[in-house]
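There are two complexes below, and they share chain A, which is joined by chain B in the first and by chain C in the second.
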Partner chain A sequence: MSLVLKAEKIGKWYGNVLGLSDVTIEIGPGITGLLGPNGAGKSTLLKLLTGQLRPSIGRLTVDGRPVWNNTALFRRIGFCPEQDAFYDEVTGDEFLTGLLRLHGYAEAEARRRAGRALEIVELAGGGDRLIRGYSRGMRQRIKIAQAIAHEPEVLILDEPLSGLDPLSKRKIIRLIKDYRSEGRTVVVSSHVLPEIEALTRSIVLIHQGKILAQGDIPYIRELIDAHPHVVAVRSADPRRLGSLLVADRAVQSVSYGPEENLVTFETRQRDRFFDLLPRVVAESGLDLEEITSPDDNLQAVFDYLVGK
Partner chain B sequence: MAEGSIFRVFVFALRLVRRAKKMRVFAVLSLLPVLLAVILRLNAVASPGRGLDGLAVFGNIIVAFGLQFLVLILALFYGTSVVSEEIEGKTLTYLTIRPLPKKAVILGKYAASALVLLVLVLGSTLASFFILNLGRLDYGPAWSFLGKSLAALALGVLGYTAFFTFIGTFLKKSVLFGFFFSFGWENIVQYFPGSTQKLTLMHYLKSILPGVGETSPSVLQFLMFRLDPSPAPLAVAVLLGLTAVFLALACRVFSRKEYLFEE
Partner chain C sequence: MPIAEQGYVHWEGRLDARRRPWRPIARLGIRLAFRRKYFKFVLGMAFLPALIFAAGVYISERIGDFREMLRGADRFLKIDPDFFKAFFASDYLLFWMLIIMVLAGAGLISDDLRHNALQLYFARPLRKKDYLQGKIFTLAFFLLLLTLVPGFLFILLKIIFSGSFAVLAEFPWLPASVAGWSLFAAAFFSLCTLAVSSLSRNRRYASILLIAAYFLSDIFFGIFFGIFRDPHFALLSVKTNLQQVAAAFLGARPLFDVPWAYSAAVLAALAGLAGFVLARRVRGAEVIR
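Presenting the complex of A and B:
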C-alpha cells in the first residue's frame, strides 16, 4: 500500500543558483518532517518529489519509478503546495470536484469524494462559497482537501501550517496525524521546529540545499542541546537573578548588560534551564519583565550544525 | 485515453474561462459591432432618404474590427493565458499534479478558450450581419459573404489562439510580445507587396474573404488593398496546418519545461 520515496545523490540548480546538492534520502510510511530555514531547499525537494521539477543530476523515484512526467504516479500522490493560490472564482466544492474529475472520476463519484474531503477538513459548510471569500485557515484547509480527496498513498505537504492561527494549526495537525494512521506515507515541511515536533518524531534537517541530519526527534534534540542557547532576561534585579541561577549545572555562563535590567544566560541544557527559571523566580519573588532567547530558532541551530 | 484527459481539462477550463473577470470586458468588446449595427440601422430608419449599404458596412466591420482587432486581441489575451495565467496565479501546480498527460492540459485549455472566443466572435458577427442586412436577406452574394467571413474569423480565432498559446508556454512577457506581433508584424507586413505578406496569418485570412466581382465595390476596395491573395483552399490548409504546428510546439515545450513561480 505505502510507497517509498527515494532520492539518490540528486542535485538541482536554477541556472547558477544551487537548490539542492547531493541529496540522498529514503522516505517510507509514517510522517517525515522536513525541517529547515526559509530557502533551505525544502520546497525544491518537495517539488522534485511531486514532479514539478526535474533533478539536474541523480535519480529520484517513487515506488522505484522516476517521477518526472510519470503521470500515472500522480494518482497515488497528493500534494499541498506552499503558495496561497487558487482559482478564486469557483466555490470550494467546484474546485475539488473539478480537480477530481481530472483524476478521471465520474461526476457523481467526484462529488462524493469532494464532499468527504470537505468534511475531513471541516469545511463542509463552506463548500458552496467562492474561494475568494475564504479566510486564510479555510484556504489552507481546502488546499489540503484537494491533496487528500483522491486518497493518495503518499501525501506531501509544503508548509501546511504556515500563517495559521493556533486553533487552525491544531485541526490540521490532527488531520495529518489521522492520515498517517491509515498507514500512508506523509512528508511535511516546515521551518518551525515545534510544528514538526507536534507531528512526528522522524525528521530530516535540510540547510543550504543539503541534508544536515536525519533521525528521530531525540537525536535532533541532542544536536540542538549540544549548542549553547542564549537566554536574555529583563528583571528589576538582574544581578540577584544571576546569582540564584549560576550555581545550577544548566547554566554555563552569566553576563550583565548592556542595559541595566538585562541578564544573559548561556545554557547547554535548555529544557532544564526553562524548568529552573520559573521555579527560582517564584521562590525568590523576583519580578520578570521579559524572557527572550535570541538564538532559540532553527537558523541558530543550523548555523551551529554547519559550524558557523 | 488522451482524448478523455483533454475533454476533462476542457470541461474544467471552460468553467474557469466563463467565470473569469476578463470575460465580461471582452464580451462587451465583442458586442461593439452589434451596437454599431443597431445605431446604423436606427439611423437608416430615422432618415429614409439615406440608404444603408449593410453589406459594405458589414465587410468593413469584418476586416477593420473583426479580423484586425477583435480576433487578435481576444486570441492574444486568451491564448497567452492558457499557461502564463496559471504561472502568474501560481495555480499551475493543481493541474500538473494530476494524472494527465501534459499535452492534455494545453489542448484542453486551448479548446475551452477557443470555444468561448468562437461564440463571442461568431455570435457578434452573425448578429451584426442580420441587423445590417435586414430587408436584403434574399441577396445571394450576401450569404456567401457571410459564410466566408465566418470561416475567416473562425480560422483566425483558432490560428492566433494556438500561436499565442505556444508563445505563452515559454515567454514571460508573452502579452507584450503578442501586442508587437499583432499590431506590429501582422498589421503592417500584410500590406507589404509580393510574397512578403504571406509571412502573416492575416494574409491567409483575407485570402478566404470574397474576391473581386463577388460583392459591392466599396467592400472590395477596402479588402483588396495591396492584397495579393493566395487561393482560398490553400489559405485554409495553411491556416489549419499552422494551428496544428503551433499546438504541437506548445505541447512539446510545456511537456519539457519546468515552470517556476515568482516569489
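Presenting the complex of A and C:
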C-alpha cells in the first residue's frame, strides 16, 4: 500500500512569526510539486512532513500515523534538504554508508545499498572521492542518493534542482521521474516554476504560509473564475475570425495584435469555446496557423493566485 | 492524481533488532578525529605519562637495581592511591586530555551545525538521545583510553611484576576507584566539550572557548589564592576541582584543604549546565526567525 501524507488544519509558528497557517492537504503517490516563492513556508511544510518540526496546531499523519517523534516512520521517508548537509572530509561512500547504518542495516548491507544509490545517481565512479572535491551537481546528487539509499516509500526533496547547470538538472529530473514510476510518493519543492512544470502537473501552491490551491494545473486554472482563459489564434484573416466568434456567449472579449495575424479571445467557458472554434473555422473556410493558450501555464496560474 | 504501478520490491532482509543508532555517529567521530592534523601526535604525547608511570611500576619492583639512579626518590614509587592520584590528577595529563578534547571534540557538534547535518540525522530513526550518546562515546573513547586503560594496566603490571595480589589485598577499592574516576572525568569532559561545541558553528571558536574556560578559571584561582590565601578559591578552577575529586575517588589526600564534595558539586553543576545547553542547542530543524 502506498503512503499518503495528510495534513489537517496544521499551523506552525516560530515565536511571533507565522510559518504555516491552516494547511490542509493530502498527498498521494506520484510526484507532487510544492510551489511558492522564497519564504512561503515550503521548507517548513517539508520539515513538518519529515517529522523534524512539530506542528503548533493540527494533525499531520503519514499512513494514518502522526509523524512527529515517530522514528519508525522515518525509515519509510527519504529527505533531501535544501542546503548541503554533509562533512567535506568523508568520501561519498562513507557518507552514505554511515547514514544507512543509522537505519540499522549491517555494514555489508549498508555498503551494498550505498553502492547502488551511487549507481542510481550516476556517481558510482566518485564514491571513493572526498565530498570536498565534488562539483555542485555531484553534491546535489549525493544528497539525493542519501535520500533514496534506504528505498523509502515517500521521498521529500527540498529545492533539489537549485543552482544546477542544465545537464545536471536534466539528470535529476529523470531520476525523480524514475522514482515516481515505481509507485512511490514524491514531494518536490521549488520556487522556480519551469522546474516544477518539468517534473509534474500535480502541484500545491503555497504563499505566505497558506495553501492557495492544490491539484493539476488545468484543474486549478478552471477554479480561477476571476480570470478568463486567454486563447491566442494566428490566422490569415484574424478580424473575420473575431467577428464570427464574438457573438457567442463563450467569448468575453476579442482583441487584435500586436502582430497583424493575431487575434486573442478571452473566455470563461473554455470547453464551449474549443467546441465552437473548429466548427466556425470549418464552416467559414478560414486558415488557422496556430492556437495557443498563453495563460495555461504554471506562471500564469501562480500570478493569478498571488494577485500579481 | 495518477497512481503508478507498485513496481518496486521490498527488501527482505532484517534490520538489526538490537539497533544501537549511536554507534555510527561515534565511529564517524573517532574516524574523523584520527584524520585531523597533529591528532596522532597529540594522542602520543598524552600517552607519555602512562608510559612513564608503567615504567615506575616496573621500577618499584626492582628498587634495588635502580637505587643509585633514584637517590632517595623511591618513596614516589610506592604503588598506592597516591601513585594513582599522581597519575590521574597530574597537570600534564589533564592538559593533554584538554587538547584531545579540543582536537576531537570542539567540532563534533559545531561541524554538524555548520554543515546542517542535524537535519539529515534527525530525518532518520535517530533520537536526540542517540545522537548525543554517539558524540559522548566519541570523546569518552579517547578519554578512557588515557585514563581507564592505563589505570588498569598499572594494577595488572603491578600484579605481574610482583607476582602477587598484594596490591589488591591492601587497596581492594582501587579498581573501582580507577573505573569510577575515569568514568567521571570522561563524562565531565565530554559533556562540557559538547556543550561548548554546540554554542558555535565554528570549531575554532569552540576550541578557543574550551581552552580559555579551562585556563582562565585556573588563572583566577591563582590570583585570588595569591591575594587572600584562602584555599576555597580552588573551587574557581576547573583543573583543581578535578584534582580534588580525583584524590577523593582514589582515597588519597587532596591537594587543598577544601571538602572534595564542594569540588564535586561545582563539577556536577558545570556538567548539569552543559546538559541543559545541549538540550537547548541540539535540534533537528533550524528555527527560522
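Please note the rule applied: the second predicted complex is superposed on the first by the 218 of 308 C-alpha atoms of A that agree within 3 Å, B and C clash if a C-alpha of one lies under 4 Å from a C-alpha of the other, contacts with A are read in each partner's own complex, and residues count from 1 in each chain.
We take it that a residue touches a chain if its C-beta (ideal position, glycine included) is under 8 Å from a C-beta of that chain, and two chains touch if they have at least 3 such contacts.
Just so you know, these numbers come straight off a predicted model, no measurement behind them.
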item	value
Superposition on chain A - do chain B and chain C clash or fit	clash
Partner with the higher number of touched chain A residues, chain C or chain B	C
Which superposed partner A:202 touches (first chain B, second chain C, both, neither)	second
Which of chain B and chain C A:72 touches, first, second, both or neither	both
Partner chain(s) touched by A:19 [first = chain B, second = chain C, both, neither]	second
Contacts of A:293 with chain B and chain C, given as first, second, both or neither	neither
Touched partner set for A:32, first chain B, second chain C, both or neither	second
Touching partner for A:180 - first (chain B), second (chain C), both, neither	second
Partner chain in contact with A:162 - chain B first, chain C second, else both or neither	neither
Touching partner for A:261 - first (chain B), second (chain C), both, neither	neither
Chain A residues contacted in one complex by chain B, in the other by chain C	14, 50-53, 71-72, 74-75, 77, 79, 81, 83, 85-87, 89-90, 94, 98-99, 101-104, 146
Contact set on chain C toward chain A in their complex	1-8, 10-11, 13, 15-16, 19, 21, 23-25, 27-28, 31-32, 35, 111, 115-117, 119-127, 284-285, 287-289
Contact set on chain B toward chain A in their complex	4-5, 8-9, 11-12, 15-16, 19-21, 89-91, 93-102, 255, 258-261
Residues on chain A engaged by chain B in the complex (per definition of touch)	14, 50-54, 69, 71-75, 77-79, 81, 83, 85-87, 89-90, 94, 98-99, 101-104, 146
Sites on chain A touched by chain C in the complex	2, 14-15, 17, 19, 28-30, 32, 43-44, 47, 50-53, 71-72, 74-75, 77, 79, 81, 83-90, 94, 98-99, 101-106, 109, 146, 151, 180-184, 202, 216
